[in-house]
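Here it is: the structure, laid out below.
Chains: A, B, C and D, in written order; residue numbering restarts at 1 for each.
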């Protein structure tokens, strides 16, 4: 079964003077995809905080930059979640460049892998920041 | 005739510790809408720089914040361009909150105006930064 | 009497693919200077919210971009406050490039004006967002 | 011997609606410290690109978030570089919260570890992006 995918366009705000996307901004793209994956399962995070008093926090991550995204690139950010114990989960995420405008015509129709990341997330009580069972929200 | 519209979702990255969108980040939303308005007219900015050697620069802007956007809000950013002389143009832009998830049920179906802005843009030669006639690209 | 000044260095994160500081990021620089001006008067905003229940919000601003800042530039951001009525204040702010490494040797010792801005701020109750008298905090 | 240290203040722009620094923004802090470490050794990156045609790119990183930074926090970001082969280097970096205003009085004078990161960097030719010997610049 294929992973969840979320399309993202690269704007001026995402780039730096090197002409490519600034390395920290890929983490924004990763989060947008995780948020939309949650939304696709009926979970809106502001509502989750308001009604259940829980939120998700990133405990740590590792990321490899394989190729750089540029202005106007059309990207796809995937999101694949594995539970880890009762309170944490690991997200395997990839960022791909779609072929299309501006891309190499020889690569037409071929996605290029730009970034691979693994992000560990914990579910916590919004007030106490104590871990809470994640299974009630994600499964 | 109705103005160009571009939908934008509010993510964690856009908010600040006040619980609302950080005031500078609305300028990102305005630029995304201008960029997509250009794209809707067949203009991709990286390509424009590469093939014609021109780019657009913001000369100045004024912005009024009327109400704050929050996490998970679905926004719409409009874009309406008026030429000013040969090399500059003025963009009238508004940011609206769509009704929907999390919004006041009494406001169902009603857009709420959050931000009004006027942004003056000049077309310049990418190398010399000298003004160039905008009419060849935008009209 | 001279205005308050706050030094800011331009990093990769501040720039975009045009090779200069992204237009929205100057608003970050303006806010850092306002925050440090407050701190220089003994006001830390997190503490102000916790102990007095008030915060400052930007109501609107106008900004003119005269020249662009680049990576590694050493900037100075000034801050000059004028009260406007009981609950709002206007900040006149300028961003200058210091001469120095990388700058034109002929301009040695001369500051170059990059940005001029006027920012209207209101003091509000943190919960109700109702205006509160600013004079107790700023005068 | 102690590592290089760079002080960083947390502003509104760095935080998110969770009331703490947004997870991607710690990567900005890490980069500022690496940039200032380079500058402390006489290397300005814009100049390095202009005169030698090389720049540094992040190949990958791992990061652990141990505690969250908040608005107004005074942080210190350390930077310790180890060469890896001829073209790459590994930076061990930590982000600490300084005691002081707003911090727990019992922790007065004690730094609290917030973030640990390892960042792999490669030196490349600016045009071809081919790896270049790092030893000429960093040693």
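We adopt the following convention: a contact is a pair of C-beta atoms (placed from the backbone, for glycine too) under 8 Å apart; a residue touches a chain by one contact, two chains touch by 3 or more.
Since the structure is predicted, the reported quantities are computational estimates derived from the model, not experimental observations.
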- [ ] Would you mind naming the chains that touch chain A and likewise touch chain B?
- [x] C, D
TODO: Have a look at B-C versus B-D and report the one with more C-beta pairs in contact.
DONE: B-C
TODO: Name the chain whose C-alpha centroid is most distant from the C-alpha centroid of chain D.
DONE: B
Open item on the list: Distance between chain B and chain C based on Cα centroids, please, to the nearest Å.
Closed with: 23
- [ ] Calculate how many whole Å lie between the centre of chain B and the centre of chain D, each centre taken as the average of the chain's C-alpha atoms.
- [x] 32
- [ ] Name the residues of chain A that each touch 2 or more other chains.
- [x] 12-13, 17-18, 24, 28, 31, 46, 70-71
Open item on the list: Going by the contact rule set out above, which residues of chain B touch chain A in the complex?
Closed with: 9, 11-13, 28, 31-32, 35, 44-47, 70-72, 101-102
Task: In the complex with chain B, residue positions of chain D that touch it - done: 12-13, 15-20, 22, 24, 70-71
Task: Residue ranges of chain B touching chain C (in the complex, touch as defined) - done: 17-18, 23-25, 27-28, 31, 46, 55, 57-65
